[in-house]
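In structure tokens below, several structures.
Here come two complexes built around chain A, the first alongside chain B, the second alongside chain C.
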Partner chain A sequence: MSKKFTAVNWNTPENDYALLFWEQNIKQFWIDTEYIPSKDIDSWKRISPEIKEAYKKALGGLTLLDTLQSHTGMPKIIDHITCLQNKAVLSYMCMMEAIHAKSYSTIFSTVSSTAEINEIFSWVEENKHLQFKAATIDAFYRAIDKENPTDEEVYMAIAASVLLESFLFYSGFFLPLWLCGQGEMVASADIIKKIIADESIHGIFVGLIGQDIFKKLPNQAAVKERVIALLHHLYENELKYTEEVYTEVGLTADVKEYVRYNANKALMNLGFDAIFEVKQVNPIVLNGLNTETTQHDFFSKKSTNYEKSTEIVHLKNEDFEMDATVNI
Partner chain B sequence: MVHIYFDSKTGNVQRFMDKVTQITGWKAYKIGPTTTAKVPGHLVTFTTRFGDVPDTTREFMNREAKQIFTVSSSGNTNWGRNFALAAEKIATDYSVPIALKFELSGTMNDINQFIEIIKKNNYYYECKHGSIKLDIA
Partner chain C sequence: MSVNTGALSWILLNNEIMIKHEDEFSLHKDKEAVRAYFLEYVNKNTVFFYTLKEKIDYLIEQNYYVNFYEFFSFEEMERVYKFVFDKKFRFQSFMSAFKFFQSYALRDDSGEKFLERYEDRVVAVSLFLARKEGVEKALEYAEIFINQEYQPATPTFLNAGKKRSGELVSCFLDEIGDNLNGIGYAVDSAMKLSSIGGGVSFNISKIRARGEAIKGVEGRAGGVLPIMKIMEDTFSYANQLGQRPGAGAVYLNIFHTDIEEFLDCKKINVDEKVRIKSLSIGIIVPDKFMELAEKDEACYLIHPHTVMQEYGTYFDDMDMDKMYDELINNPRIKKKKINARHLLVKIAQTQKESGYPYIFFKENANRHHALNGVGKVKFSNLCTEIMQISEVSDINIYGEEDTIRYGISCNLGSLNIATVMDNKRMAQTIKTAMRALTVVSDETDIKMVPSIAKANKELHSVGLGAMNLHGYLAKNFIMYESDEALDFANTFFMMMNYYSLEASMEIAKERKRTFVGFEKSAYADGTYFDAYTSREYAPQTDRVKELFEGVNIPSSADWANLKAAVKEHGIFHAYRLAIAPNQSTSYIMNATASVMPIVDIIEVREYGDSTTYYPMPYLTNDNYFYFKSAYDMDQMKVLRLISVIQRHIDQGVSTILHTNSKDTTRDLSKYYIYAHKLGLKSLYYTRTRKSSIDECVSCSA
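Right, the complex of A and B next:
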């Protein structure tokens, strides 16, 4: 026999965090169709054409990142993770990325015509800053598309993934949160906030796996420098992307601050220190995150057929025997 | 001397405490299943699940709440209203005031702010707790 195939055994923990993340992910589960973005139609009519344009572009850009993450990032990384329970958690996350990518279409379908939607997707293909983001990250994923990548190559792919999930998304998340913080497009923002909670947990988990690999690297200082250089490279591009999407609506400075703030958090997920001086994140955006939404624990608070049964009454044959003495 | 008991699952609070102790020379103890707080001090923990207190922290507080002066929690504002909610739950459940809520492993600002707050209040708490006798007989 050549290779031995191993089955994932959840009865013996492989580390002290896989089960925690598995359970948290399950509790965060959601699907786009449980939300009703059509409630936002009146709001959509109220907002200015410039904001509408920026909103569509922001969501188009987010769709591209989630597509890359679910179709390439997660699958390639999963292939090179040895811990089977961690692989399982990553597979689950991969599935959620596909739900994220689809959910933007759900929002689009309520606010845009087919022609407009097609236009956004063409814009995504043609926009050089978006294409630069995708190509830069994709190169690290493709580098491990082989039998035996080095630890450094795997680590860099993981670091790129954390940068995508904890940093690159936020120039796009800014606008729906900013609108929601003022009471606009709140139903669609419910979806966006579910995506943000997911991305947050993904960033922590993938970052943790990255830290484990980093500890084994012989040239840690040099690799850390590579990550910081990559971050700066992407940051320069984020600034240009931000200008392109947000100049018309006058939010560029605020978005850039939010981008730096999240770049710091991405670094922390990788176990590094923050590098950007951040003064203040736009309070309307934080308000957008704080507004009470339909955030729920899918399995314990919802009454659909997904609901977990907690009080099961076992039926016996006697239960079906009719009482002949019932008075009618 | 300031003593700090801290809980950490994914390393952020650990890194936060490493910096605090490096700067101040304070003593920090990582909470484990049998950790006791022989000397009174402050608690730094994190928020988990949906705005929850970690089990390890809760078990520690069930044993040692009397010895704890203040609570701080790490979290992530992406969790909205659940941001660092563990601090509030502990404040309510064990009547311990909140010192600070911060994100992940904290920025230099957070670290300096934390040190300031603890410095300002530690003496007061030690006196109140009776571990230092006030010199005004």
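Right, the complex of A and C next:
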């Protein structure tokens, strides 16, 4: 008996969120070359060598995570999602992850020399904490690289993906946001902010899919414990990674607090309660995260507020019938 | 300021405004931020002088200031300094202080130390503007500056009094002729004007379209896009000593065949070769187009070069109401059929994606234009408030005389509505402001671009604007969208018109000289005054009557007297009023920008060089309600208020539409239709507030 192939049918909603996320994703579409990181060249010259070093490492680390996510994470998960509309949204997100991974290079190639860039990419390959992150997450992705993985295996891969998107990225995002809040590397931060806006909806969406599967699991308590254990495992590593990148610039404590803040957010995306106590996240970075509308001066920078318009509504005769008298 | 390790305390404090305690923002943190900024940064980085004499002498000897001793004695200068410092000025918010020191205060050549405080800048500008009129005038200028009643535009406030500085004028416009000499002149002008700090705007509607003939060979012309590319690169190359990026705009007539390509250049996913990133774009919309859209009749785009060959004039200079039918019936004119409504929607779509294009309603701008006897207004500037006559110059090869016609030059400044109203000094402030603007025009001579120099020399145009409208209304418990706001605007801007005209007449009388072409204007034949001699503009509502208590409001009889005086003496300025968007300067004034509504109770401001949190001026727990965000307002009501202001402004009003992500292209198009019907002359950017995904999920769940 041959397998039946089904076509994705957007006319019938399969759940109440796939279309919503599809549209939000399309609206947020962007590509790296819209932005003008070359405006940051002066700023790059101005910031201290220690910060430069940390900045390059932060971006190098982010590149690795986005590469993993677009080349392995998303494709493997898509394989085992049954809802076709969800699959479509995930494919789109996968494509955006590839744009993210490339956009760090756009920033690099604008401010750094080829030698420096190569140095960072080999640092990425050599750094044991970074490699640990990638390997840990990758193991969960590889576990579902087969015909019929169990629900638990699929769930764990999804949970790993949420931890990656909502938690592990943020030690890298900290520095660009912190610098931008003080007026440095602002044009490059425009790109970073677009990535954060994407990652935030990716984390929520994948989290929602995860919650659907979680409901079907017979051994929920045990699986939840596995997720929390994984989080702690990654958290210990993240602290060491943070120390390595940020100690010389004196930001370690702030970044660690930020890491805990985002670990909580990842848990919430998965439908769990927060486990870390967070006192005060650096307000400059927290405010930088607010992706609602900001005011800007069109002449000095590009806005991150505009979105691709997906819906075209045409004019009708009655639209021209307006009373334009003002009685004053 | 170099960022090394550890965040700067004042930035941290300013960011802490956003932390909420019991549902209220920590507004007091802003005052702490100002204090920390002064104690830990400004004071530590300011050069100290033992005496005033030492300071003045140092600044002059070290080539920072012009030699003020040529115009004033030390004692005279001391009077002005004392007057200003005795006012005990204090910045009301961190944003104001930060913006001033970041962008305006004079620094030493190393860029490390400040040589000026706010008061010093005010004195330097006052002395410079009054240097030929004497110390009494300097005191008058200083008073309106330090009272924050009037604020000159950035180029004037930044540069006046400095020995090594850019020009005092902000804004230039010119036409481009359809030949290589004309294009070369424009590129050359763009580079020079941009390098002296101006925002430059060009009308590119006369350029032949893509695929038109060159020297009779069809299919050779590249259209407007390649010129836009050159312009974009020119502006980014010629910045003001690296201080700020050059800025420019181009306008295209909506009937030009390249219009669709022109709009597409701002799309997100478009080929790099035709993508325009930093150049601003605007469209020129004649009434005829809106009529075709309303009637839903076929609309034809026109190939400009075929019109030139057939009629010997540029199609962009033609009156489309009269000529459109002639052009579409003439088989020798090449054209392309489109659907006007679809084009409106395409404009809306482009605005949703990029904020552009600006829209200039050509006939609205010319309907009550006082200089119709001299020429037509054809396009606008980078901020869509400048609207003056222009005509393309004929540029020839070396050795042959060029025919230079009018470009456009305009220098700007804004009244602070709140302080002017509170101090009840409207007549005096407006007249002094007009003098300050006139001095700038007198002193300006942009020799390197003769069409601009000619316009300034003969027309003396200035643009007095206003800021803090929303702040003033909110402070007085008036909603921005209310009828009382309309009532206030109708009286206030009538008075601005009256006193600026009176000032212009007085200057003409003193100098025994009017602008060139006055005798052909509606000021000379008196028709300009019909709207004012036929009715009263005094306030009608009780609330607004209270605000104007103790203020003399010009009546129709006063207007009739002014009409007679203008007829006798003429006026000095071809154009007087223009409401600019004034961004940076409104921060220094602790005012809401221009006549636009606020965007947020605490504005998050991103500049190329910083992110700052700015609580709205006068905001308290009592008047919170009146600080309604523009994004939550009915845009139709905003447009209605602007239309009342526009009645009294001889040039334009920069008008921003604030929309939400969920607004459709149809919603936007309806705003354009309404704005056009209200008689608005232009629309500036469209800003969009994103819906965050939390909002979406909670709505659908």
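Note that the second predicted complex is superposed on the first by the 286 of 328 C-alpha atoms of A that agree within 3 Å, B and C clash if a C-alpha of one lies under 4 Å from a C-alpha of the other, contacts with A are read in each partner's own complex, and residues count from 1 in each chain.
Note that contacts are C-beta pairs under 8 Å (C-beta built on N, C-alpha and C of every residue); 3 or more make two chains touch, one makes a residue touch a chain.
All figures in this text were calculated on a predicted structure; none of them were measured in a lab.
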Which holds for A:20: it touches chain B only (first), chain C only (second), both, or neither?
both
Of the partners chain B and chain C, which touch A:211 in the superposed model: first, second, both, neither?
first
When the two structures are overlaid on chain A, which partner does A:274 contact: first (chain B), second (chain C), both, or neither?
first
What is the contact status of A:265 with respect to chain B (first) and chain C (second): first, second, both, or neither?
first
Scan A:36 for contacts with chain B and chain C and give back first, second, both or neither.
second
Who does A:196 touch here: chain B (first), chain C (second), both, or neither?
first
Larger contact residue set on chain A - chain B or chain C:
C
Mind sorting out which residues of chain A both chain B and chain C touch, each in its own complex?
17, 20, 24, 27, 200, 204, 286, 290-293, 295, 297
Using the touch rule from the top, collect the residues of chain C that touch chain A in their complex.
1-8, 11-12, 15-16, 18-19, 199, 242, 244-245, 247, 268-269, 272, 277-278, 280, 293-294, 296, 341-342, 344-345, 349, 352-355, 382, 483, 486-487, 490, 540, 583-584, 599-600, 603-611, 613, 631, 640, 643-644, 661, 664-667, 669-670, 673-674, 677-679, 685, 687-690, 692-693, 696-697, 700-701
Name, in rising order, each residue of chain A that touches chain C in their complex.
16-17, 20-21, 24, 27, 29-31, 33-34, 36, 39, 42, 46-48, 50-51, 178-184, 186-187, 200-201, 204, 249-251, 282-284, 286-288, 290-303, 305-309, 311-317, 319-320, 322, 324, 326, 328
Taking the touch rule as given, give the residues of chain B at its contact with chain A in the complex, in rising order.
9-12, 15, 48-50, 76-81, 83, 103-105, 107-108
Residue ranges of chain A in contact with chain B within the complex:
17, 20, 24, 27, 193, 196-197, 199-200, 204, 208, 211, 264-265, 268-269, 271, 273-274, 278, 286, 289-293, 295, 297
